[in-house]
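Should a chain be cited, it is by its letter among A, B, C and D, assigned in written order, with residues numbered from 1 in that chain.
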Amino acid sequence: MDQLFVNLKHSILIFAGNFLPEWAVILISILISVTAIAVFGPVTMMYLTLLERKFVGRIQNRFGPNRVGKWGLLQPLADGVKMLTKEDIVPKGADHFAHFLAPVAIVIPALLVFAVVPFGRNMVAVDLSIGILFFLALSSTTTIWIFVAAWASRNKFSLLGGLRSVAQMVSYEIPMVLSVVPVLMVVGSFSTVAIVEAQSGWNWFVLTPWGLIGFVLFFLTGVAEVNRTPFDLPEGESEIVAGFHTEYSGMKFALFYMAEFMNSFTISAIVSTVYLGGWQGPWLPGWLWLLIKSYALILVMMWFRGTLPRFRVDQLMGFAWKFLLPLALLNIFAAGVWLAFARPVNYLLSAIIVALALFILYFANRPDMPKKRVYRYAVE
Amino acid sequence: MMSINHFLIFTTLLFLIGLYGALSRRNMIGILMSIEIMLNAVNLNFIFFSRFLDVPAETAQVFAIFVIVLAAATAAVGLAIVLQIYRNQKTIYTDEIDLLKW
Amino acid sequence: MNSFAPLVSVVQYVLMFIVLGAAIVTVSIGNLFRAAIFLAFTLLGVAGLYFFLHADFIAAMQILIYVGAIMTLVIFAVMLTGKMQDPLVAQSNRQKIPAFIILCGVSAFLIPTILKAPWRTLATPHATTAANLGRALMGEFVFPFEIVSLVLLVALIGAIATARSDE
Amino acid sequence: MFGFGVLKGMLVTIQNFFASYFSKDHLTTVQYPEERLSAKERYRNFPFLVYDQAPEDPRCVACDICAKECPPKCITIVRDSDAEGKPLKRPKSFDIDYSICMNCGICEEVCPFDAIFMDHEFELAEYGRFEDLMYHKDRLLKPNDHFKKIRPTDATRIDAKLAAKTQKPAPPVGN
């Protein structure tokens, strides 16, 4: 069961090997992996939209979509049809080439990132020796296309959204990279497969003091990187219409949406790979474990969305530079201490360092924290 | 495997394209972009040598990293200068910035 | 895997042509913003070539630094130095013929050198890992590494100091 | 402390999520076409005409007051007349253009004969924009029982008033 998909692919290749030359078999092997990802990504995205609408609906005492098909299961298809048949509007002053290019190009990194996600034992498309770096690098390219979209729309709201997105992504990328560093230090490899294997036997990194902090940091910065609430300033509806995709409609808009949802899936998958033990887990097959973990994280993202209001811009920047960044740096120190000492002592020491770091940062950030509001008219 | 000559001529062409841009672009940002292309051509050569020539592989790659880092520094400072020139002169065309000519 | 090598090199050649084409567009197109987009394609194509040359770490660095950071800077600069509502950030090339003459001169010098030089090629290509690279950076090249980080810091401060307005 | 307010808020929302599967209070949406909320008694939408015994004999006497008072002028009344051309106390045609009516209820207030009231009917979608939304007498006339059903309080009050009027000849008791 664990190796179901691996064996399936293997038997297809053996079957093809009977009558095809070697290069064709390799080509087929590549094509199978690529097709699997190219199908899995968009389908995941489609059903994530449904899941999100259902989940947020339940949070708000509503049903969510339940008309198209049983439990609204065909709703994504209906949405797809709607998107495809909508008029594709390009503003008169827009840079047509860039306006077309941005939504197309933004999906490419979102799909490419799937290549390094280890879905299960032997179930990674490419075991790159620099897997995590590849993921970080590609997710950073999204910024450019968001900015191109914003600029090409020739709309002040788009441009404001684009500028916000660049500022936000550049700021959150630094704590994001730094929050992975402890894991890379401990494992000694960039490869996602190696990272998962280092966590075998319940040695999940989240169960260590530095891992807990690193997990929270990585997850929060990941949420910020994919522009989801409460970090959705680039598309803050109430302030700047729809941000960088104000001028997009129909399928182009759907592509932005697709990139966002696929990114939130990959970020959850990578977070669970790096800190939650990836496909490691008892009883169930590995790929199921990874899906469970990533969907749990996605549900947390949706939970955020159902709960939290949007940050203010200065709060957003302050949170990244004054809280997350120093915490990530101190977390690296805690991981170093954890590596340097023997088993029982290191947990204690790094827990102390992490707790101290949190404590110091709490007091250092105190002046910036919102004061408790007192409503004068409510007194007495 | 592809031949060394093909690859080196490719990088030379890339370098020449960058050189052409650096020589003929009027816009300072365009010139900076052309310089980035030239640096990339050089970097490609470094990486190619590191793989196929009888040199320590790490040396060439370390050099490539240094080039990338310095390119980042160049871009940051260069674009800052461009911004300041634009602020003072209201133009970034190299042939219009002629304060020292009369 | 050997029978698969031709396909890999075909992909490699295609990538080379894409890089060349994107670079030509970058230096000749009349719209600076589109030039920046094509520069991004050039840089991504170069990163792809790094992957084919088994320099994974450099490829990731290329994407992270060039595409992620430098391109953002360039696009910002394009935006800040032009009129934002100007539909075409006009850009023209001057002195094309002298530039071509110089190009011919440089290539007349470079290409024979490439063809004549006695390259000491390897029978089996090198393959290095990020770990080796890190050891080299922290061991043999630690001094240049520190200098480069100092340069980066100076550039950072310099850029901030230069770009801030005096008011 | 930092983030505790966030955690508190998240606790509330997740409670809402789980409770929505068990308690009706946490899933307040009504699945409209299948299940409906009963309309409140004072709810009012578009006007209709009341008749007591037969549709041929409505309460309306074609006095034209409602048509004059109607702010958007959506009511058109033509008075009926007998064979000699003598006007009768009933409308020949009574048209309300529902596409113009703004549900103000002034017609109901001004009617001296308690002949026009606001209805509870709200599913009025039609395919034609003009003719289908022009309600003629046949569609407007509804029995008094309907009025009693949708607005019992008002109906009893008005029925009592009308009954008192018919027994008017007797002088009022008291005072």
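Keep this in mind: a residue touches a chain if its C-beta (ideal position, glycine included) is under 8 Å from a C-beta of that chain, and two chains touch if they have at least 3 such contacts.
Bear in mind the structure is a predicted one, so any value in this text is a computation, not a measurement.
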Most remote chain, CA-based centroid, reference being chain C: D
Distance between chain centroids, defined by C-alpha means - chain C, chain D (Å): 74
Geometric centre distance via CA averages, chain B-chain A, whole Å: 33
Geometric centre distance via CA averages, chain C-chain A, whole Å: 28
Junction residues of chain C - those touching two or more other chains: 57, 61, 69, 76
Sequence positions of chain B contacting 2 or more other chains: none
Junction residues of chain A - those touching two or more other chains: none
Topology of the chain contact graph, where touching chains are joined (line, ring, star, complete, other): line
Touch list for chain A against partner chain D, complex: 55, 58-63, 303-304, 306-308, 362, 365, 369
Chain C - residues contacting chain A, complex: 1, 3-4, 6-7, 31, 33-34, 37, 40, 44, 56-57, 59-61, 63-64, 67-69, 71-72, 75-76, 79, 84-85, 87, 129-131
In the complex with chain C, residue positions of chain A that touch it: 21-23, 26-27, 93, 95, 97-98, 101, 128-130, 133-134, 136-138, 140-141, 143-144, 147-148, 151-152, 154, 159, 166, 170, 173, 188-190
Residues of chain D that touch chain A when the two form their complex: 1-2, 6, 9-10, 12-14, 16-17, 20-21, 26-29, 31
In the complex, chain C residues that touch chain B: 5, 9, 12-13, 16, 19-20, 23-24, 26-28, 32, 35-36, 39, 42-43, 46, 49-50, 53-55, 57-58, 61-62, 65-66, 69-70, 73-74, 76-78, 80-81, 91-96, 98-100, 102-103, 106-107, 110-111, 114-115, 119-122, 125-128, 132-133, 135-137, 140-141, 144-145, 148, 151-152, 154-156, 158-160, 162-163, 165
